[in-house]
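Next, two complexes with subunit A in common: one pairs it with subunit B, the other with subunit C.
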Partner chain A sequence: MRYRYFPGCTLKGQAKNMEDTTMAAAEALGIELVELPEWQCCGAVYPLYEDELISLLSPVRTLAAAEGEPLVSLCAACHHVLKRAQELMSRNEDARTKVTDFLEVEYSGEGRVLHFLEVLRDDLGFDKLAEMVKKPLEGRKAAAYYGCLLLRPSKVMQFDDPENPSIMEDLLKALGADVVKSPYRTECCGAYLSVTEEGVAADTVDRILDSARSAGAEVLITACPLCRYNLENCARDDGKKPLKVYYFSELLAEAMGLTVETAGDDSSKEEVSQR
Partner chain B sequence: MTTESGKKSRLIEEMKAQSGQDPNSCYQCGKCSAACPVTAALDLMPHQVIRYLQLGLEDELAESKTPWICASCFTCAARCPRDIDLARMMEGIRLSVLRCREGNKFGPADLTPEQLEKLPQQALVSGFRKYNK
Partner chain C sequence: MPRTGVFICHCGTNIAGTVDIDKAVEASRNFPGVVHADEYRYLCSEMGQDIIKKAIEEQDLDRVVVGTCSPRMHEATFRKAAAEAGLNPYLLEVANIREHCSWVHKDMGEATPKAISLLRAAAAKAALNTALEAPRLDVEKRALVIGGGIAGIQAALDIAEAGYEVDIVEREPSIGGRMAQLEKTFPTLDCSACILTPKMVEAAQHPNVNLLTYSEVEEVKGFVGQFDVKIKKKARYVDSVKCTGCGICWEKCPSKAPSEFEMGLAKRKSIYVPFAQAVPNVPVIDRDSCLYFRKGRCQICEKECPPQAIDYEQQDEIIERRYGAIIMATGFDQLDPTIYGEYGYGQHPDILTGLEFERLFNASGPTGGKIVRLSDGKPPKKVVFIQCVGSRDKARGMNYCSKICCMYTAKQAVLLKEKVPDAKSYVFYIDVRTAGKGYEEFQRRAAEEYDVAYLRGQVGKIFPEEDHLVVRGVDSLSGRLIEINADMVVLAAASIARCDAPEVGRLVGINSDSYNFFNEAHPKLKPVETHTAGVFIAGACQSPKDIPDTVSQASAAAVKAIGLLSKDKLQGEACTAEVNQAECSGCLYCEAVCPYSAISPVEIEERYHGGTLKRTVAEVNPALCKGCGSCTVACRSGTINLKGFSNEQILAEVDAICLQR
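On to the complex of A and B.
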């Protein structure tokens, strides 16, 4: 299974451990992720106004660079922008002509745009993944936190049921974890409000963490570097038991029995399998 | 659209063209406000924003905190029984303020050294894109 891989800025910076653990797991699973040469920004936010065509230049350049091969990303925000830009290109001829003429590229919305979780579910299959697990996460009470960007708008993202998703729980199940579900798993973490309105992000994060704690979770998984930052840094220090937040790929690599040397969010060396 | 005062609302005309959303489709059920995760910090509830748009109250919307607290989580749009994408309308209000009124809302100088060190790059880029033009 061969895919083009778009990392995005954060996967080479604060979320390097998501990339490193994914690469190690993908190799063990026989999934080839070929990094796009000279990739650039995904666009960061999808433009919600039709005349903001300039914000589509970098995602469309990325989509065209995949040359029709399936394009995989890991960061929820990158995947969101690329998927929505693809959808717009495939339905809006006027926007497509303006953007591709400006960029001098050929692109008409072709190719699959996938999050790595979709590769695991749809192309590899969680049943097959479960057979390849070497160190099941037995007894680990783990909950999934989806956030917004993978799920909504569901008509475009087509990732999972936007109100009752199951892809991350199914992954945790395949990895042998003790899966718990919490009702706030699809609520917004506050996104970049942690930069501009800290109190608001503290409210959203506290609700998500309280909900996971009361469901019995000990660890949370996410696919978004900003969700992880907020969950780890924006909670009010109220003496409650801390919840460990991981990228889904860290638990995946651990269950695959892989030791991955990677820079963590605090830039210290850590070994996934020893946690 | 003509507002109560008879003045043609540029914001609302632009909104329809650029977001593909018509505020008049809304029947004010309030489901968006029930869905919104940040209502505690808003000075106008999401359904009130649409009502203000229906009435052409541009100046009031330009002064409201609500569009700047909206983080485009798309929950309102996911639950709207009229299939209105309120996140796009919020973007329209933000853009109209950024383009025509007071300019940029947030820049690198507003960040603390600790934030600069720890924030994921994605937060910086997306924050600047949302609050600047």
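On to the complex of A and C.
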């Protein structure tokens, strides 16, 4: 199984451990992720206006660079922008002509655009994954937190049921964890309000964490660097027992029996606080 | 040369306002073959028809052209008039100078020459018209009703009372349908079983009604008056003649399966009747869960049955019968609300659909008639009802309104208050729609006297917390977010067509709309007829309906069927396709395009170089042909002609219009 891989900026800094653990696990699972040469920004935010084409130049250049091969990313935000840019390119001929003429590339929406979780579910299969697990996460009470970027808009993302998703719970099950479900797993993490309206972000994060705790979770997994940042940094310190937040790939690598040397969470936290 | 008469109608000012009638009459006199031309203010009136009749007789006319409205309006009227004057009705031709001319033009200078062109074309065609006879078809004086719910039962009883035989084919082991699952009926709160059971029994005992339960229609051939139907009577593994319905078998049976009748909320035995008042009161064995059929042992029912009615060797039986008319009354299903992840249906036992909640009220239901939470058996104190779950939802559900939910929700809230007096109901709604006799009054009573809180808005999320369900929604009238800690949630899931409705419709040759509800022939004027003659529809298979509407429609369909069965002969279509078999190459393209299966291959013998040659050609069954003309277009050698619309006739019309200038 061979895929082109688009890392995006966060995966090389803040979320380096997501990349490192994914790469190690992918290798063990026989999934080849070939990093795109000279990749650039994913576009960061998908434009709110359909005629704001300038923001699409970067993602379309990335999509074209995959040369029709399946393109995988890990960061929820990158995947979100790439997938939506692809959908617009395949649907809107006018936008496609303008963008590709400007970039002088040929691209008409071809190729699969996947999040690595989809590769595990749809191409490898969770049943197969379960067979390949070396150290099942037995007795680990784990919950999944989805956020919004992978799920919505659901008709475009085609990722999972936006109101009742199951892909990360199914992954945890395959890894042998004790899956718990929290009703706040699809609620907003506060997104960029963690910068401007800390109180709002703190409310949302507290609700998410409290709900996961009361469901019995000890660890929480996510696929989004921003969600993880908020969950780790915005909670009000109320002395409750801590809930460890991981990238899904960290538990995946662990269950595959891999020890991955990575920058780790602490250094990433420091990096952020220094800014 | 024909002797053609042309008659032009003013239609008040409908035609005369835009077409210069005098000019048209004058021009008509010069058409080839025209010997008489006249006009009248309203040609369709008695007086107008008399003018035509008189002219046919006095002028010895053998062709008639009427320049009037669309033939869909009055062709039959004028043909009848011509026939009364002794002319074969198919020798009359209509020129549509109203819908095709005066109504779509403003300028008399343009409309008048166009009307003259249309009249000239009609006269040219009329000259080639030939006398046609419509075939007379036999009528089998027996009706088939597909579906044994309240619609099917009502239709069958009406037909039986009129003196005709009627068979009800019901897929389930008992008739009764959805209405049998209901506790009480709005707005009068009479007990559903109390009013339905007598009808079920009446259907079973009526000498003209024949019940074929646990049966399905396999094949329908033929046409109006003579439908040849194959019905599969599925093996019950119980001899219906010997069985006394004593119930010992299902008491003793050790294996269980989820009860379809109880919406899966309770178990039934592997040998079972779906509910206590089942008609017929003869059980069936469900092979999939029966120990004997699965593992070859048990046979307790056989050992225990006093009249020895159990027969494991029973086979499916195919019944072939002929029917004059068919009524479709196949009912509806309830949408599965799991597509609405935010409502959490299927993830918590206290989140139910309307039909599931209905079963809790029933004394023989899964809780013995006690309103309790399925999670812990406690009576609910706060119940949230959510309307329009899948109805009026373009994005994820059905665009239409399911029509019954507003009323049954009000009913359930009232019944809840009566059974659990300290319970409080909340209803989230988009609009409250209560059109129907006594409906609005009932719903108001629920809100005002039974303390039901109506909240205009939608619910965004339901999830369990501690021992209750958190329902989070919005009250769009106050603009506030609302959070209710409910003990139970009831989802008014949309009424949808049966999942196999399109296939069942295809069996009898009727089509469905985009939601798979059967199409009526006309949404206002032919609500129970279909585009297939002799097939009628009744009840929720046509669109979501409450019981009063269903029963009315069932009786209407029955009347249409009775009207058909009361005829000794039916008049068939005169304008049918005809194959010139000498020219036919036998490619049978026509067979493939015929929507009525009226064309089939036939082998003919021909003289050829002194010997005889056998070859295959196409043949049209005039009883099945509806004269649509598809085959005449598909025919590569142009050897199929439609009587009354032959290629020569059409070309004569084209020539008459194109060659005049």
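Everything below uses one rule, namely that the second predicted complex is superposed on the first by the 267 of 275 C-alpha atoms of A that agree within 3 Å, B and C clash if a C-alpha of one lies under 4 Å from a C-alpha of the other, contacts with A are read in each partner's own complex, and residues count from 1 in each chain.
Convention: a contact is a pair of C-beta atoms (placed from the backbone, for glycine too) under 8 Å apart; a residue touches a chain by one contact, two chains touch by 3 or more.
Because the structure is predicted, anything quoted here is derived from the model rather than measured.
Look at A:253: by the touch rule set out above, it reaches neither subunit B nor subunit C. In the superposition on chain A, A:183 makes contact with subunit C only, while subunit B stays out of contact range. More residues of subunit A lie in touch with B than with the remaining chain of the pair subunit B and subunit C. Once chain A of one complex is fitted onto chain A of the other, the partner contacts of A:65 are absent, as it touches neither subunit B nor subunit C. Judged by the touch definition given at the top, the superposed model places A:200 against subunit B, while subunit C stays out of reach. When both complexes are overlaid on chain A, the residue A:163 reaches subunit B and subunit C alike. When the two complexes are overlaid on their common chain A, residue A:55 makes contact with subunit B while staying clear of subunit C. In the superposition on chain A, contact of A:23 is made with neither subunit B nor subunit C.
Shared-chain residue A:74: touches no atom of subunit B or subunit C. Counting contacts as defined above, subunit A residues 162-163 meet subunit B in one complex and subunit C in the other.
Residue ranges on subunit B touching subunit A, taken from their complex, read 17-20, 37-38, 40-41, 68-69, 71-75, 77-78, 85, 87-88, 91-92, 95, 106, 110-111, 115, 118-127, 129-131. The touching residues of subunit A, counted against subunit C in their complex, run 161-165, 183, 214.
Here subunit A touches subunit B in the complex through residues 8-10, 13-15, 41, 44-45, 47-52, 55, 75, 77-78, 148, 151-154, 162-163, 187-188, 190-197, 199-200, 203-204, 207, 225-226, 228-229, 233, 265, going by the rule given at the top.
On subunit C, the positions that touch subunit A within their shared complex are 338, 340-342, 344, 347, 461, 463-465, 470.
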